């Protein structure tokens, strides 16, 4: 099945060239053929899809108003609620938890007539950079099944890369949308903090989390943002006022664009990746980019700040998983203390436990000033340094990761896994929008991505740059080969 | 009390705000419904739920701050307070630890008839926990209460006796009730106290360890618990004069056991929770405008202290009487409604505070929810003043009014022969003559100037009229009869 | 430099209510120490003049307020259906030990 971008699919459906039923049939056929090897989906909502298809075909037939997402299949990371279905968060804790309400993003998709295809695999509670921490199944990179798809939104990235959805929703706390997108050769956006509602997203790092779209190209990202980038009353951190509005590259950057590059911070980038990054810079220059050196050396501390603040928040966000009101309750538990202690022992995987412990530690009496408060202050410095950089440039270009997708088990040491996020966490700490687009491939075909990080609320601006980039280049058009090789 | 010891008491009062919905979610704030019906995603701590602040709860907190002359903060924020307990749906409470909405303020209360000012440290907005119901071999959680808005009113450690603690608590309760900010119902749990008690020898400046006491759900429990704890601490120190005070009374939390009549250890400081407070990331700061605070200031009603002083000034009540009526706004309003129709406020005060309150207590009612119309009370007193009924009659009429609320005294009198005063003056004259004839010695004593004996004769006449003769009539006729007896 | 001990790990596990066997404590200890050492590099930075950052969004610094209106509650059955154990409309838990 050829990859149909969301925009194309939507237009074909609206014009009558393809029926909703055909879209669903093709999609499900494709999923049945390939997902057994890839493992992107934890749950496929087959009967819901057919019902939705009938509804859409009938609506189109009678000339009813079709939403802007009509005909577009969405894969939803399994840490966002779809009412009436289980939300597992990739954890043994929640394998029986039925969500009693839709996340705002899911409600918006439904309101705009999009398809909710199913729930995708993730690192447990979104903690991880490879998707290997899922307690439930393994997801493989469609480009090479021996490689990780990246994490934590590995399932959604793989689903889109393997044409098992047009748009995947992921969540990004320290890079969890951008990294898998780069590893899987697709485009993705972590929006400005507060741009997309977090209502119905199982929280990890409340001041860091954002839901974002992952797709075939930046036109699709823009389409998704138009539906999802709206104010939500149920999320106090949701941006007030104006919804997401696309901008034209011509209008914004027709006279040229200032591209900031933190060369000093990128000194440690391996040669292969550096080569691809340099090519990206060359493309940006050709697009009218004026390259400016910016000082973001502070970002060498960003990971430490992230692991302190993020774990502090998650240690309290995950306290609610206690075996009392929902989820796993240990059968060994004989008294109340044991309900807590054993349920959490059995329900959580090691990485989650590690992070809860760390988060508890950095907040605990006697350590809070040295760790948590210090991290809050360095966060302030990081925000200020970005603000300084943005006085000299319109956006910053950086790699997404030091390298491409790696084999399963390659990073057993937790710290080495954390270091995968070194280029991505800065945007979460400062609440900045960050777009990732395919920027090239290594010799062995593994995709790499580049990251464009802009000031807050400049989501539309960097999407316009991404669109322009994709008009001039073909990296995003390359797909993993399904008929042979990639999926043997 | 032992004069060698200073007592230092601080009170933390938790008052549920009587908003329609909860602090951070739209489920109903209601007591008494069947379990787990007033719930939302947030209330039950479901993953993916988020808090959004209730405007009315903020308003009520502002009102309390203004009523106590506190500084309402234009910028305050929320914190997470972590602890694990089954009634805590997220295992963290959202509270205002570092930057509360109100700082400072004071409350004036009457202690043994004297006004005394007590200082408030701060007022914090926070959400309540659910209710854990204990059974023999298990417990059950009802989340209806989880998420209900609370203000925690933290006093400075400025009280020095159990009496002062109670006076302060009662004064705070009155203010909350006057402002219509809380139901202040201790049985239902909408008003709760924790108290901190420590003692130290007079002259010592450093604070010794304080004991926190929880679980007192009435003013009398509060008084007993505090008094008990003061004695307990003093006794311990006095019995161990050479030991380190910190060891004799280690910092701990106790709960008041009303059955045992003593405080019982709950946990020592070593087992105390590390709450790990940090700023709540799902909420932004609470920012207020001076204009809205000024508008709330304008809207404040007359407060208990002002009303208490006014009742003394305007109606001539004693401080104690005034306090009785103004402790509760509904009682004060009722009193004023009666006085509107009656020119004898002091009598009104007596009748309401003593006669009616006493009778209604048996029914578990207060004057303001008795169903008796204020005009009827006024009517009754009017009838006494007009001498249409005797004081004694009035008391039985009061019984009837309590038993049949809504029935006017006039009607009661009309319907009951026994209440009509002795109208027949000729008959009364006969009785008076009889009494005079039968007590010649007493008559002589009265004539000799021993006027006290006159009362005896009045009593005799009253007896023969079953108390239904009007005192004025009896006095007049008796005086005349006695004078005539001279001759 | 904070040296993390097994005692620290046991205490933290208790605080955050996750039962950890001795073997688990052992296996967590080294990784935990490594991460703590890593994040401690923040102490190199002079933050004496810096305010801590608690809120990230520029231009959105006031929490929104909602009207005091009662909304449709969650359906009791749906919530109870997720509860591991219920009795008489309550979420059932083992008895609370007085000493804890």
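For reference, chains read A, B and C in written order, and residue numbers begin at 1 within each chain.
Definition applied: a contact is a pair of C-beta atoms (placed from the backbone, for glycine too) under 8 Å apart; a residue touches a chain by one contact, two chains touch by 3 or more.
Given the structure is predicted, the values throughout are model-derived calculations rather than measurements.
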Weigh A-C against B-C on C-beta contact pairs and write down the one with more.
-> A-C
State which chain is most central when centres are taken as means of Cα atoms.
-> C
Chain A to chain B: how many Å between their CA centres?
-> 58
Could you give the separation in Å between the centres of chain A and chain C, each centre being the mean of its C-alpha atoms?
-> 23
What is the distance, in whole Å, between the centres of chain B and chain C, each centre taken as the mean of its C-alpha atoms?
-> 40
Chain B residues touching 2+ other chains are 41, 44, 46, 52-53, 84, 86, 139, 141, 274, 281, 283-284
Mind pulling the chain A residues that touch 2 or more other chains?
-> 97, 100-101, 207, 233, 236-237, 319, 322, 324-326, 336, 340, 360, 364
Two or more other chains are touched by the chain C residues 15, 17, 54-55, 57, 60, 63-64, 66, 74, 79, 91, 93-96
Within the complex, chain A is touched by chain B residues 41, 44-53, 80, 82, 84, 86, 89-92, 139, 141, 274, 276, 278, 281-284
Which chain B residues qualify as touching chain C in the complex?
-> 19-21, 25-28, 34-41, 44, 46, 52-58, 77, 84, 86, 132-143, 274, 279, 281, 283-287
List of chain A residues in touch with chain B within their complex = 80-81, 87, 89, 94, 97, 99-101, 103, 198-203, 206-207, 233-237, 312-313, 316, 319-322, 324-326, 336, 340, 360, 363-365, 368, 372
So in the complex, which bits of chain C are touching chain B?
-> 15, 17, 54-55, 57, 60-71, 73-74, 76, 79-80, 87-96
Would you tell me which residues of chain A are touching chain C in their complex?
-> 96-98, 100-101, 192-194, 207, 233, 236-237, 239-240, 301, 303-305, 307-308, 315, 319, 322-329, 333-342, 344-345, 348, 350, 353-354, 356-362, 364, 367, 370-371, 373-381, 383, 413-415, 418, 429-431, 456
